[in-house]
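Common to both upcoming complexes is subunit A, partnered first by subunit B, then by subunit C.
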Partner chain A sequence: MNRIDLGSPLGVAMALLPEILLSTWALIVLLVVSWRHETAQDSRLAGWLSLAGLLVSGAGLAALWVTGATPEGLPQMVALDPFRYGASALALLAAAGTVLISLGYLEREGLLAPEYYPLVLLATAGMMFLAGAEDLIVLFLGLEVMSVAVYVLAGYNRADPFSSEAALKYFLIGAFASGFLLYGIALVYGTTGTTNLSIIGAQLSGRPIPLMAALGLGLLLIGMGFKISAVPFHMWAPDVYDGSPTPISGLMATGVKAAAFAALVRVLLEAFPSAIGLWQPIVAGLAIASMAAGNLVALAQQSLKRMLAYSSIAHAGYMLVAVWTGTHAGAGAVLLYLLAYGLTTLASFGLLTALGRGGEREVTYDDIAGLASPRPAIAFGLSVCMLSLLGFPFTVGFIGKWYIISATVAEGQMILPVILVVTSVLSAGYYLPVIMAMYMRPAPGPDHHAAVGLSPTAAAAIALSVAAVLLFGLWPGGLLDLAGTSARTLTQTGLPLAGP
Partner chain B sequence: MTEAVFYVFAACAVATASMCVLSRSAMSAVLWLTATMLSLAALYVLLGAEFVAAIQVLVYAGAVMVLFLFVVMLLNLGHPTTDMRGPAAMAATVVIAGLLAIQLFALWSYSPDRLAAEIAQAPEFSDPASLFAAGQATRDDAVARGVVGAVAAPLFEVYLVPFEITSILLLTAIVGAVVLAKRKI
Partner chain C sequence: MTEFLDSIGYGQWILHALVLLPLLGVVPVLLGPESSAKWTALTVTTLELVLSAGLWWALDPSRGTLQLVSTTPWIPTWGISYRVGLDGISLVMVLLTTLMLPISVLGSWRSITKQERGFYAMMLTLLTGLVGVFLALDLFVFYIFFEVMLIPMYFIIGVWGGTNRLYAAIKFFIYTMAGSLLMLVAIVALVWRIQVVTGLTSFSYDHVLQHAGAAGPLAPWLFAAFALAFAIKVPIFPFHTWLPDAHVEAPTAGSVLLAAVMLKIGTYGFLRFAVPFFPQVALSPAVSRIVVVLAVIGIIYGALVAMVQPDIKKLVAYSSVSHLGFVMLGIWAGTLQSVQGSLMVMISHGFSTGALFLLIGMIYERRHTRLIADYGGIARVVPLFSLIFTVVALSSIGLPGLNGFVGEFLVLLGSFAAFPLATVLATTGVIFAAAYLLWALQRMIYNRLDNPENERLTDLNGRELAIMAPLLAGIVWLGLYPAPVLRRMEPAAQRYIQLTRPSHEAAPVAVTGSAARVRP
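What follows is the complex of A and B.
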């Protein structure tokens, strides 16, 4: 057991080891690309360097996780618990997948500015700060670091007006959401006199929640709702996912969402456990609206990228069902589902980059018709992804949904699981046509799929993800244990305060 | 002496603010506003609020003004095509000027004694100690170490982590702005 004193500078440096390593590495990559930023080779160099940085940061994270680092003394700015490590690992995984998929994509699309990779690293550092925030100020700053980097990445393809549109929409809505979040933080601070999550929880426990804190909680929920793209705060998602470079859409759907959900769970469970009666109906409402609207609108989409955007809204709804429980089992279910959804979605967006060919934005159901015979591997990978998103047995998506349902039923709630299952069945209406188009429809022309292909790195990343989707789907035991133990430590932050 | 300094800077503030409103070019208006901010900073020093003065120079006269200048340059507001004329603009002018005049008359009736009496009666919302218990410590701190010390010590001790993350945030914003603004990367 490795106890870290967060009151000393050395302790803070130890506790933030993965984040410090990653930020420093981002600076190094920035220095390198300031000299070498001309050719495709330079871009590749930056990409591989960034991947190495993610590995180094992952090693730092593993050192904390394996030694079982726990905090000593009063709660401070950052959390030290397996829930943070799990969420940070998800962010690192998403970033590594994004970098691997981007290596070939950027060359093909002629986006050879290597600052792309340091921005991915900085966005990842922001995600890790967000996921590990034990204080509302760190939470806000982490969210901003992540968001600012992703705003820029969304508009990276400046030759494409849709990419600029995506960046502008994401930026405006994101700034709007940050405003809500800050108002919420200010009101909570005004009520409790602190921004630390555990101390807020201690201040608010054992008495009815004051009106100002309730308003603050509501505004926090709105701010987070935008980031996780829950209905009715979802309207930016389809256009932004659609216009952004495809690997960045993948990063938004996986890393950004994982970090925002981790922060949401931590805020609700650590700072507002006493107000559970207040936020449960709100979260339930958001969940039902997201599941229903996301799945229904996805049915009407022709473009695969927009379909995945609406499906990501629906999946946010599924995860909100797990958040609703307010229990450690629910938090574990969120982590597990984030992993399941992240693996699958990253692979799906990676496969979309292959189908997008050069300079092409929209990939419709018609474009993938008859893909199975000329490109069997890609068709198989995409089919596994669609089945996992659907929640088909023997894929990790099924395990994730099953875990959410069991956590919810354990709380005696039946309506939310029923809606979850019904809307999942509905989602077959847009996931299965992808598979049907690839396997059962003829190709429009003899050489229609000639340009479809993946770079070796992207192929490796996608193959690993698809393998993990199947592997964890067949043998989920270890994963379930890990998610369960990670979440159980969530509120055990060594809090000596009993009340105000 | 202090009084003379006050009048010099107060006159500067009023004069530069008038120039800001009256100048027809947006660019010179922004530059006049910078001068107003600097004069106000000097007034803050006279009030014993050195920290606010420093922040006034750094943030308002520095960062915010640079932002204004950028926006003015980006929008290219060289020659105003539409002036604020016509009945609607006139009506708005009269309403706003009337409100300001009413406020001025209300303030006219205040003597320093009456103001002091009203402040003594009102609950002290500006006092952190009236809001929560930790506020008392904040106030003692400010007395013991001066305003700068009371702000600096928590900033670099308790709030060290957020402070450092802010630098990462600024770096990200700069890199992003350069990437998006450069014509050829």
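What follows is the complex of A and C.
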């Protein structure tokens, strides 16, 4: 057990080791690319450097995790518990996958401005702050660092008006959401006189929640709702996912979502356990709306990228069901599902880059018809991803759904799981046609799939993800224990709290 | 035989081998050349059949409990282990499965010409799923097998099926999945309730069965979820609409396996899980009435719709709805005779309908039409085919002396006391069966040979006769001397009755009374 005193500068540096390493590394890469930003080679150099940075940061994270770092006394500003480490690891994994997929993609699309990679690193650092925030101010800072970097990345393809549209839309909506969040923080601070999550929880426990704090909680939920793209705060998501460069869509669907969910769980469980009666119905409503709307609208999509965008809304709904429980099991289910969904979605977006050109906006179900015989590996990978998103046994997606259902049923709640599975059946209506098109329909022309291909790095990243999807689907035991124990530490670091 | 099996430790490894062998067989099928795929598949499925045959002796027929049980921890955190075992009911279902597989492989010999490796890999994966579903004794494992076999069947229909295959494949998939996902919630909820009462999280079948009463007020809902999953699979009357599409569009092997084995998973699920878990709900007057009414509607409706089909494959598909109605009736009547009868119908429907689909596949390969009207008088051109077709059709009708008779007779006999009116109505199903099949026979095989295209048909060749021989042997054997099969199923059937009877006094009378009559 490694106790860290968060009062001393050295302790803070220790506690923030992964974030500090990553941010510093990002600045170094930025420095390097300011000299070398001309050729494809420079872009590749920046990519590999960034990957090394992610590894270094991951090593720092591992050091904290393995030594079991816990705070001396009250956690201030930043949490030191396995829940943070797990969520940060997810962000790092998502970033690493994104970098690997981007290496070939940027060259192919002629997006040779290597500032791309430092921005990915900075976004990741923001995600890690967001996921580890023990204080509403840190939470807000993390959110902004992450979002600003992602706004730029969304509009990275300047030649493409849709990419610019995505950036602008994401920026405007994001700023709007930040406003809500900040207002919520102000109201909570006004009631409790603190922004520390554990102290807020202690302040609010044992008495009916004051109106101002309730309003603050509501505004916080709205702000977070935008970031996790829960219905009805999802309007931006399809257009932004659609217009952004595909690896960035993958990063938004996995890393950004993982960080935002981790923060949401932490805020609800640490700061507002006593208001569970207030936020549970709201979260349930968001979950039901997201599952229903996401799945129904995804059914109507022709473009695969838009389909994945809407399906990501539906998956946010599934995870909200786990958030609804307000228990450690639910938090563990969120973590596990984030991993399951992250692995699968990154691989899906990665495979999407293989299928099309120019932002992949045009790749429809018809375009992938008959892909299986000329490109069996890509077809197989995409099929596994679709089955995992569908929640089919022997994939990690099934384990994730099973965990959510168990956690919810253990609270005596049957309606949410039933809605979850019924809407999952709907999702078969758009995931299966992908498999159907690839395997069961003839190709539109003889050389239709000649251009389909992946760079070696992207292929490696995707192959690893797909293998992990299958392996964790078959032997989920270790992963379940990890998610379960990580989640159990969630409120133990703080003050002894009343609550569930 | 038993000594020999013991000497090789048969009981310890056989169940795992049966599940794993086909899966391992997928590797040489996929890696080998296209032309050898069917040979590899035939070898693997035949080996599986030979291996599984030992189960006939390995199972102690005097006990109704689950035997050869073997447990390997899988996900200890959630109380899930890979647990397999079998009793008399699973025994016959496994043997039916392993017999049907080599036959289906042989039946696809000529008809599958594209992507053979993929096809036979799917067949072997399907075999793993089917065997696993009948052996699984852990609800999680059962659920996984129940779901996983959708994928190979989805591909078999969707890639190698008829013209409307895409629609049929997705309909089949979504229907089955809709039911099974609700069952998933029910499984989790049931285990959670039991955990609350006993403090132990375990998906083990025995544990759940023993404490299923813990479901309390949730029981009706949980039963409904289980029942829906199995009712779609059977299929019971209003949930049957996927069946004609899937059966007709699937290639011959797919239709054979769907009819002969996969439909039985539904009825097996009722016998093994849904009814024993929740007997008070399942056998309550209200639910009984609903099930019996639906079963009778299925029997009569299936038969009537079959009668008007112009397509012989669709006719046989609808006849399945009718036959499976008998099974449901027998399960709910809950006497030894009726349950034994249901099991017999499950087996003999597998033989007869499997054989019918194979025969239809054979004639389709020659003539490329399944419309009854395109044939007529072919008995003169293809006498062997016509003879075998007639025998199989008669067995499906339930002619005494052939297999179909035994099961349906036992069901009707055993159900009369419990549901007199329903039984009388169900009996008309037998008459309708005679009507639709004999009429089809007459139009296809007898009548006048008035279509010149039929004059060039060739009769069955050696391979096709080899396919039909074991099925015909089974049809005659089960019809004349069903006692060995009945004897092996009887203890398991009795155990089912005991598990579902609220009071144990009434049971022995019916059991001894009927047992004497069942044995010849």
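FYI, the second predicted complex is superposed on the first by the 490 of 500 C-alpha atoms of A that agree within 3 Å, B and C clash if a C-alpha of one lies under 4 Å from a C-alpha of the other, contacts with A are read in each partner's own complex, and residues count from 1 in each chain.
Please note the rule applied: a residue touches a chain if its C-beta (ideal position, glycine included) is under 8 Å from a C-beta of that chain, and two chains touch if they have at least 3 such contacts.
From a predicted model like this one, the values you see are computed outputs, not experimental measurements.
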Using the touch criterion from the header, give the chain among subunit B and subunit C with more contacted residues in subunit A. B
Please work out whether A:M436 is in contact with subunit B alone, subunit C alone, both, or neither, and reply first, second, both or neither. second
Taking the superposition as given, does A:V145 touch the first partner, subunit B, the second, subunit C, both, or neither? first
Of the two partner chains, subunit B (first) and subunit C (second), which one does A:A62 touch, if any: first, second, both, or neither? neither
With both complexes superposed on chain A, which partner does A:G126 reach: first (subunit B), second (subunit C), both or neither? first
Partner chain(s) touched by A:M77 [first = subunit B, second = subunit C, both, neither]: first
Across the two complexes, what residues of subunit A are contacted by subunit B and by subunit C? none
Within the complex, which stretch of subunit A touches subunit B? 9, 12, 16, 23, 27, 30, 37, 76-78, 112-113, 115, 118-119, 122-123, 125-126, 129, 135, 137-138, 141-142, 144-145, 148-149, 151-152, 155-156, 158, 167, 190, 192-194
Flag every residue of subunit B that touches subunit A in the complex, lowest number first. 131-135, 159-162, 165-166, 168-169, 171-173, 175-176, 178-180, 185
Under the touch definition given earlier, write down the residues of subunit A that touch subunit C in their complex. 373, 387, 392-394, 402, 405-406, 409-410, 414, 417-418, 421-422, 424-425, 428-429, 432-433, 436, 439-441, 476-477, 480-481, 484
Can you name the residues of subunit C that touch subunit A in the complex? 74-78, 115, 143-144, 147-148, 151, 154-155, 158-159, 165-166, 169-170, 173-174, 177-178, 181-182, 184-185, 188-189, 192, 218, 221
